[in-house]
Amino acid sequence: MIGLISYLVFFLTISAILAIAVLGLNLQWGNAGIFNGGVVAFFGTGAYLMIILGGPERAGELGGFGLPWPIALAGGAAAAGLLAVVVGLATTRLRHDYLAIATFGIAVAIEAFVRNATYLSGGAKGIRGFERPLEALVDNPFLYSLLYLALTVAFLAIVYAGLSRLVSSPYGRLLRAIREDETAARSLGKNPARARLEAFVIGAVIMGFAGGLYATFYAFISPQDLAPILTFQIWAMLIVGGAGNNLGAVVGTFVVWGCWVASGNALSSLAPQELQLYAGTLQYILIGLIIVVTLLVRPRGLLPERLQVTKRPGPQNTGVVSSAGEQYQS
Amino acid sequence: MIQALFDGVLVGSILSLGAIGLTLVMHILRFANFSHAELLSVGAYCALTFDAALSGIAPVLAELIGPFSMSAALALATLAAAVVTGLTAVLIDRLVFRRLRDTAGPLTMVFASFGVALIMRNLIALVFGLQTERFTDAISFATMISSDPLLLIKPDQVGILVIALAAMGALHLVLTRTTLGFALRAVAENPTLAQVNGIALPSMIRLTWIIGGGLAAVAGVLYGIDNQLSPVMGRDLVLSLFAAAIVGGLGSVTGAMLGGFIVGLASSFAILLLPAGYKPAIPFLVILATLYVRPNGLFGEAR
Amino acid sequence: MPDTAAFLEVTDLTAGYRRGLPILHGVSMAVNTGEIVTVIGPNGAGKSTLIKAVAGLVIVEGGSINLGSKDLIGVAPDRLGSFGLSYVPQTANIFTTLSVAQNLALAARRCRSEPEVRIAAMLDLFPALAERRAVRGSGLSGGQRQVLAIAMALIAQPRIILMDEPTAGLSPRASQDVLELIGKIASDGVSVLLVEQNARMALGVSDRAYILADGQNQMDGPAADILDDPAVAEIYLGGRRKGAA
């Protein structure tokens, strides 16, 4: 019984951490229409930097500054944001799918970097060992896992509340306006490139924060955790839940992560021995199918975005349309 | 140094072939297709299957030609694979991308293309196994065109270069000498004007996929000859293909050809300076540098 | 409005770029065989939208478009040639990456009879193009581009040509040449539907004219009458060309 409960606590903790990252993606994609093809880069940067800043000293390697956990966590999130600035400056003004390619590229680059920069990242073996916050005070591992779950859920609630406020603020409306019609937004005197960059960076900071929580939870991070599949999983969660809807993002996380874990368990207990090697292959196909089928069949997800349509009187409406028409002509 | 130059050109010629189809699709269908590189795998594994079948039916075809590790069977298999891969691309378009084109924005198609890539890659792994494969077990190290320690050249490598250049030459002729080629360029430049000039977009879109898929198949086979076949070869190549397309400028066939060589050379020269482990990051650096310095690439137009 | 022999007939047309947001609100008009009809009106009146609706390039939500006895609504733009209709867009109306000869060869793909003969006929008709057959579209002057665009439309031997501001951006001299060419085309029995900012000049070669404003018919009649109408001159033909495109 206690085994089952501790498994559930484990599952919920990971889900809550992932949900934070999905919320970050929801700000980027769901609200601002920014395509992030390398979620794992920002997640991973946050994770690595957290553990480098806050972890114990490692022989012959840089890092291990032993900073207090909150500072290390914030440092990781900030680093993810900084990375987003570098990529974003080059791409937010360009064709939108360039950002998809550039972010996908940064994920590949970061993975290659942590695999090879042994002096900083421990290389392929990663960085192991981290004193988790308050761990010394709670000597029962089960109680500690409950405590950490509570902490993660609290963080999830804070991020959720913060993003909900942001999304319903004038800034959130601006982001959606840019997503729908960048040209019109620009003609209203807004600076779409800047707003998009801001949303991209804020989203990346949230992902980096989630990465920090993830590394804290395992007290371990390695290049394995930065595999591209994580990006696809996080997308699947957002698409299934409903891009643009924060509640949907959280629900989608639990649904997709539940499917992932359940399929993994089912394969390992039911599949014949010779197929075990291909369990991961089958699970990847599952994620691919979830993404494609959801986009085809239920493109707005389980909980679609509630669009706030502001009705305006007729003449203004035609004004907007004819300006769009002229745009089309030129 | 000179070895890096040769290796870069060799890899570059393969990347060029793959990037041509990618740049055409990105330009004409307006989305970054992350599943394009999987077409290289589809082509390579198709050729592997056809090659085995042909060699079984007519063993005489399986004899290696001269100093090459290529056989008549593999040549025929490659042609068949090009056709099958082109049709596969059309089929995927019909199943996924065409439906989304009508209802959703281009970025949704980018999303879907990641899903498609995951499915394709892992289906190949499921069918052919996770292990790597080779077209032939014959070791062709016996003969070397150049065995100077500064420059090692295998006959196969010259063959690869010649085939890749010939495929690009053939495409160039189609694009510059046939009205079908004019039509494709016209659609790439201005789809609406092409339409009012009597060009049916759906058939041009099919043609784009067939050309892109066919060239990808040839690229996949050449990559398989040079290295080996693996279900994750698409994943390993996708960023390089995008880098080639972006450096060349989206929509430009010439640009993609040149871009392929630039990325190939950048990668082979980079490992003279950096540890080999950083190689996967090189295409990203090429992309970032291009976007900062010349965002529309060498031959691309602002859009 | 002529009640017989209307070749192109648009009735009560509602159309726009987005569904539910029409730009044209119930526009009607007709072009007879061999006639030049000009549509004028202020910027944003829906002139281009009207011509694009006929060419099948915008969303039609109501009304009808008939060419002879055939309904054009829902016909894909690439099939218009087989209905005897050609369309010359306002800008970007030639392929700049193709040579003059390639542009013509492309446009001739839809000819039922031998394309080579049609290409030769166009090069005969337009010596300026024949001289520059190997030049890329991007290397042509504005006037030459317009001539090439018209040649690409004529090559299919249409019965009606739609032209969206063919003189936009041209010098007065080149504009005059293009309008003369349009007159010549019509005298061969081809109908022309013209949208023009350059209203005074266009009316000079037209048979009839329609005035649109706010996506609705304002006025129509013989071109000469419209030219002479003092109220029209005041509002639409005045010295100030509002926001020339």
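In order of appearance the chains are A, B and C, and numbering begins at 1 in each one.
The criterion applied here is as follows: a contact is a pair of C-beta atoms (placed from the backbone, for glycine too) under 8 Å apart; a residue touches a chain by one contact, two chains touch by 3 or more.
These numbers come from a predicted model, not from an experiment.
Ranked by how close its C-alpha mean sits to the mean of all protein C-alpha atoms, the top chain is B.
On a Cα centroid basis, the chain most remote from chain C in this structure is A.
If you average the CA atoms of chain A and of chain B, the two centres end up 31 Å from each other. We define each chain's centre as the mean of its Cα atoms; on that basis chain A and chain C are separated by 52 Å. Each chain gets a centre from the mean of its Cα atoms; for chain B and chain C, those two points are 43 Å apart. For chain A, residues touching at least two other chains: there are none.
Among all residues of chain C, none touch two or more other chains.
Residue ranges of chain C in contact with chain B, taken from their complex: 55, 57, 76-81, 86-87, 89, 92-98, 102, 105-107, 109-110, 115, 152, 156. Residues of chain A that touch chain B in their complex: 33, 35, 37, 87, 90-91, 93-98, 100-102, 104-106, 108-109, 111-113, 115-116, 228, 232, 235, 239, 277-278, 281-282, 284-285, 287-292, 295-296, 299. Taken together, the chain B residues at the contact with chain A in this complex read 26, 31-32, 34, 96, 99-100, 103-104, 106-108, 110-112, 114-119, 121-123, 125-126, 130, 235, 238-239, 242-243, 246, 250, 275, 277-281, 283-285, 287-288, 291-292, 295, 303.
Per the touch definition, chain B reaches chain C in the complex via residues 179, 182-183, 185-186, 189-190, 192-201.
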